[in-house]
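Given below, in the form of structure tokens, are the structures.
Same chain, two partners: subunit A is paired with subunit B first, then with subunit C.
Right, the complex of A and B next:
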């Protein structure tokens, strides 16, 4: 214990207590910081480039990232006022990043007997439920108008929280974990959300508005389709015209813009392709041009992705572009990939067998990805990690933040799990391996499959959902807002 | 009529008084309290610029948030929230309702968005609000007012795109306005865009805007554009491509300009549909000249008329790219050559794809395929300094885990990624890089 406190003496007391409380520091156990190699990040990069023999194994600084993330859940500084209308986003970025670092539900051996990690998850669930409106959907904060983007973030955070702890389908959950799952997944009001989604649909273009009277673009479209797929409220009334709108957003370059005719941009490429994949209409787009545009977006010198042509590299595009690359690999060769479930209509993936033996890709490009996954991992681990404080960032010189932490880690996971390979591809230390992320939803794949499994048994269908919503409103009486 | 002033709304009423006294405020900033004149007020206006004291910002924000729903304070409260958090969609939504009820002046509304842009030029909700208000103004404006409105919008877009380069929202808004311009204004806009592209060589947003305008004037955009006159059609492609080529030669190694050239080529090529690929004998000759290893053959291409058949255009593009890849440059030479070869690959890919889908047994197919393979080998050889020595031996197989940086470099460059291998459907045994270096071009 003394060794532990000596190592941690530079941290503030609340942070240390957090660490102990969350079960990451063992009382009287080994010093968790001992495994970190204290090297200067520039020296690390040059060693990696020149000399394979003497290379230091670059390590993902898990413990420090977890500390940074937990600190964000306690409170944020005044400069975060710009995100006042985006609280669910902060919950999602932090929750998802913790999930990828296996910290949302700590592995059994490290688990402190009096840990309040479950308490933490329940607190997040409660905070998020304040953001939900009875007319359907989550807003940016308490009593804020429902908006597609925080709605997407809130739902994903709740699904991730409820699924934490079960890493394989056969595993049974403890009673407390089941209680957390019920609280988290039960907090989502699917029925009201469905009628709210319907109200956002723009019949002229086929897309969805971001909020009541808001703008129509491919972001809103993706968030609605993604959440509808997960919650089993995807109906033909909702999907009518959506694929056509997304397809119209493809430009001559091959990428997708926010609206038809607008410049191709990394974030919108992901939204459009994921929406099309979820609707099963991705083959109607020009995937070859898209692949070429995407491959060109990996920067030649740094290895990370840029958002648009001739712009600078940015860590968050590791997911927006890299995840799109992973999606494309799935779409191009589905039979040689592990089974993945997109919607509740599909069968349970564990029942499907995997195509065995024959490697469907060119031997010079073993990953089957249209980008170099090794270089992307190198960029994330060497340039995007903030040393020594923890947290990940846009590029060296920019400050760390939760958005970049979340998407850098998601991109790292996408690069480590190329769909056509049986085994993950990990660069650097073997402990850098992250769990696989579902390329269309950006939560853990296991969590997405569990959620799809659960919600597939819930009532669905246009008429049923509207009827349930009406029934409930009648019971509550009209004009009830709270 | 005004609610009684209380401690909860004192800052809001101050803010309201400030904007009422000077409705022409067009910019704001946040300063430390000491920098403001000493009479203790939190706001200061001079020459239509507003200064807000940092000390009062938090209180102002909270007062604003608490009074958003109150109809008597909605205007001031939303302003208070937006000056602290410019992207706050709830406040913008509230203002939208005020606009729809015409409780606020539309000119003032546009000015408010400009004020918010001074600190948050990329606030998506602010831009969306501006678009909404401009549409409202346009709905009831006379033609004279309309052109003034659009000119103002274009001015705002230009200023903000200049201030924060490649501002996605500014350029999107500009395109939205351009789709609503009359013919004369549109021609002026095209000229502006051409100057903007020439001025900034790495601005993909500007070149993309120009492409969209050219599509608009040629009437192929599909949206409600004025019917193109004959002179407009000439603007659309050959002259634009020639201009793009000039820019590429003068600004070596700029990805945005190469991307621009590719998009213009893709626009011409899109007229080559799947079923009706009509390949005239003269087209075949042009292509043969270009892919032939003898340079004097390609000079016969100069007799061809550009802007006729897309196949001829493809031939011109390949020749241009070949020339760029062999011309020495004063700077960015490596990048320029890499992009040039990649461009040649791109054009060859499209030509091959069109040929294969209609006439796979055409004699040109194998010729072009051989040329493409040779180009691929050149691209791989030229990508990294270490691999130049490796081009004549077998490429090292990259190990999956802990892959060394060297092997991943030699396989990674934009010209040889798997798309083009699969698209060209090359039989690897027949066209492996080892054989290609011995048989260039055939």
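Right, the complex of A and C next:
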């Protein structure tokens, strides 16, 4: 046994213990639904073996995760009452995770035989529609007040669903998929949403309230700016003072806190940087200082990320921190990366020529990222997956849940697709490759680009949007209560 | 951190993974049914009256507030109910005008924002304070519960000293709870507590536990307020004292990050006044003192490295210190010495690439970006953005990158 441990140079002890305890199996045979076999010590030994032929390639348990996710759409246990005011979140976490696992559309390889993908997608659209208020925005559930966080989640879920039929710009959608897209994207009342966003602006700070009379913090900033960018309702009237608020949240540590004065924190750092990137003002922050803080958040033993200094590793930060790292890599060297579209007033990237053909990387710095992509992928695959049931979690010892499933996978995608590289970097089995997420929105990059292309032709501009909303209210009779 | 909370994290209680018995299942199902019924009733009832504040609504106030409380105890993240609660409290006190009307009038105007807080009657205030404290005790990270408490307190009439006490209690339970720290900052502003008093509070917390990262962070904010910018004897004196405090922490436990992050802040804050102002005739002595403080710090760190060679933190702090020293020397016109120090800095960063391999990418970019500035602290008092990067005039005789990086 001692020999075993000393041989495992590439993996830290906690990671290996987890493997052995989890009974992780070798790559299965042809049947994707095959049960996992118990591990043997040779298999564990061979993970770290020098000879690549002898190595076991750790696999993302796609099929198990898909089953877990689909189950969540059907029903949830009583303990989920704490998310009663966050139903769109559950839709988004599950939908996005399914999309990353290529299971959201019937043409995708892992479409589950027991569900009708089209029917499923339409049901999600309908459920989400119940959460939308005529005064603008989605709330956490039927009859609940509109709130920036579930609003963000609902819009992203709907955009992902509508885009699921198409993964490359030239592809033609089937009639069925067109119908789903119309239903999903048509369900979003962007005109009312614009007025609602305006009403949340807090002139004193430059931030946005999370809901009428709610708290102001940088989550509001991000959720409003992200959705406005996607739906083409971003206007100078909306963005006035916003970048200044986000910039004021940067601390001496380099990261960003939730509001000015509070310590830096992973979730907020993503919100702040993504918002600034979308506003085109990221360079006004101290990016070097941010890079320092971010690099330091990757934990030494586990390889995953912590949310703040002196805190424990947690799989969800693979996206909040890792995703920020990907965003930062792009911001530092945009000319070396394949083009990304952020807002409707930029050109469609498929029309742009690709960046220079070679990878602009340094030998010591293989991914152009300020963190170690390999170790992050290892953490996700070895520690965050729940063996054998499927689903992903915070860390070994914690139960799986949909939030962690979503963000572990999102982080894995970010780690696999360093922006400065033209080819993805996959650790473990080649089948672990996930599609690329858009670094600012966290839906598939292709879906984001499709949505931007579609909404860029919709009516926009402050005066127009307000006028359209007024006209509609006149028709309905005023004073519609949410 | 989660946006909404997720099951399994509730109240810090570990979820048992044993399957539920039929009895337990049925009991839970009953609770869920009751919850759904109550939630539905409350939402419908409120939407029927549209948040109006007339007498009829006010009369059922007590009952509704009671039902809301029941539900919010179970799910304090049910933000809609907290808003309805505010409306009900307003109705009870006979405030006029409906929220919908006021919002409708201002829709489209950028000035539309939340309602100002209401001054609650003493008994209502006490009852809300008690209720929110209960909710916060059960769920210390509920945005809505903290926000509601703040709204109540802002209306006036609360005992701010006991609010500070509440913060103290909650910080004892979880010193990293940023909701609590943010709340404390609000109360401190309202109560007009002096920065010196808050400084003492953080000293107390740090002495209790050197690992109190949030207390160090808060302390950094206070220093920003006490000594915003200028170089001067008070700043130098304070810098000495703070470095002494940090020294105690890091010599005790060199691997604990908290004090080291504060150390980075101190070097940036302490040198900011010197580096941002143009050279004048009078500051020669003060600059000299600053140099000697920094050199003293270099010695201390080298001593610590001798004692704990494997920990990356003293190395990292030393590199950081050297880069600031180089900048101050350059600023004072001591270019030859500055160059020497910079050479030392480079060696340190190279050795950090071995000692701290996960962050090699960062150290590499630091060496490459030798010419970038970054003020090191993007957060200044009043939330201003950092000053535009100042270009130092390059001495043609010196072989230096124009802007020695402030960070290691």
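Here, the second predicted complex is superposed on the first by the 416 of 482 C-alpha atoms of A that agree within 3 Å, B and C clash if a C-alpha of one lies under 4 Å from a C-alpha of the other, contacts with A are read in each partner's own complex, and residues count from 1 in each chain.
Keep in mind that, in the parts below, contacts are C-beta pairs under 8 Å (C-beta built on N, C-alpha and C of every residue); 3 or more make two chains touch, one makes a residue touch a chain.
Because the structure is predicted, anything quoted here is derived from the model rather than measured.
Engineer: Putting subunit B and subunit C onto subunit A via the overlay, clash or fit?
Structural biologist: clash
Engineer: With both complexes overlaid on chain A, does A:427 touch subunit B (first), subunit C (second), both or neither?
Structural biologist: first
Engineer: On the A-aligned overlay, A:212 touches which partner chain: subunit B = first, subunit C = second, or both, or neither?
Structural biologist: Both: A:212 reaches subunit B and subunit C.
Engineer: May I ask you to decide whether A:316 touches subunit B, subunit C, both, or neither, giving the answer as first, second, both or neither?
Structural biologist: Touch partner of A:316: subunit C, not subunit B.
Engineer: A:78 contacts which: subunit B (first), subunit C (second), both, neither?
Structural biologist: both
Engineer: In the overlaid three-chain picture, which partner chain does A:140 touch, first (subunit B) or second (subunit C), both, or neither?
Structural biologist: Both subunit B and subunit C are touched by A:140.
Engineer: Quick one: is A:403 in contact with subunit B, with subunit C, with both, or with neither? Answer first, second, both or neither.
Structural biologist: second
Engineer: In the superposed arrangement, does A:284 touch subunit B (first), subunit C (second), both or neither?
Structural biologist: second
Engineer: Given the superposition on chain A, which partner contacts more residues in subunit A: subunit B or subunit C?
Structural biologist: When the residues of subunit A touched by each partner are counted, C comes out ahead.
Engineer: A:374 in the overlay: touching subunit B, subunit C, both, or neither? Say first, second, both or neither.
Structural biologist: A:374 sits against subunit B, while subunit C stays out of touch.
Engineer: Tell me which partner A:266 touches in the superposition: subunit B (first), subunit C (second), both or neither.
Structural biologist: A:266: touches subunit C, not subunit B.
Engineer: Just to be sure I follow: which residues of subunit A are touched by subunit B in one complex and then by subunit C in the other one?
Structural biologist: Common to the two interfaces on subunit A: residues 78, 81-82, 84-85, 139-140, 144-145, 147, 210-215, 251-253, 258-259, 261-263, 265, 288-289, 291-292, 295-296, 298, 300, 308-311, 362, 364-365, 368, 370-372, 375.
Engineer: Within their complex, state which residues of subunit C touch subunit A.
Structural biologist: Of all residues in subunit C, those touching subunit A are 1-8, 10, 15, 17, 28-29, 31-32, 35, 39, 43-44, 47, 50, 74-75, 77-80, 83, 86, 99-100, 103-104, 106-115, 143-144, 146-147, 151, 176, 178, 181-182, 185, 211, 213-214, 217, 220-221, 256-258, 261, 264-265, 268-269, 353, 358-362, 364-366, 369, 372, 374-379, 383-386, 405, 407.
Engineer: Which residues, counting only subunit B, touch subunit A once they are in their complex?
Structural biologist: Against subunit A, subunit B makes touches at 58, 61, 65, 84-90, 93, 96, 120, 128, 131, 166, 168, 171-172, 175, 202-205, 208-209, 211-212, 221, 223, 254-256, 259, 262-263, 266-267, 270, 338, 346, 395, 397-398, 400-406, 408, 411-414, 417-423, 428.
Engineer: Hey, which residues of subunit A end up touching subunit B in the complex?
Structural biologist: 48-49, 52, 78, 81-82, 84-85, 139-140, 144-145, 147, 210-215, 251-253, 258-259, 261-265, 288-289, 291-292, 295-296, 298, 300, 308-311, 361-366, 368, 370-372, 374-375, 378, 421, 423, 425-428
Engineer: Going by the contact rule at the top, pick out the subunit A residues touching subunit C in the complex.
Structural biologist: Contact set of subunit A toward subunit C: 77-86, 89, 139-140, 142-145, 147, 149, 195, 198-204, 209-215, 219, 237, 240, 244-245, 247-254, 257-263, 265-267, 284-289, 291-292, 295-296, 298, 300, 307-311, 316, 320, 362, 364-365, 367-372, 375, 398-399, 401-404, 466, 469, 478-479, 481-482.
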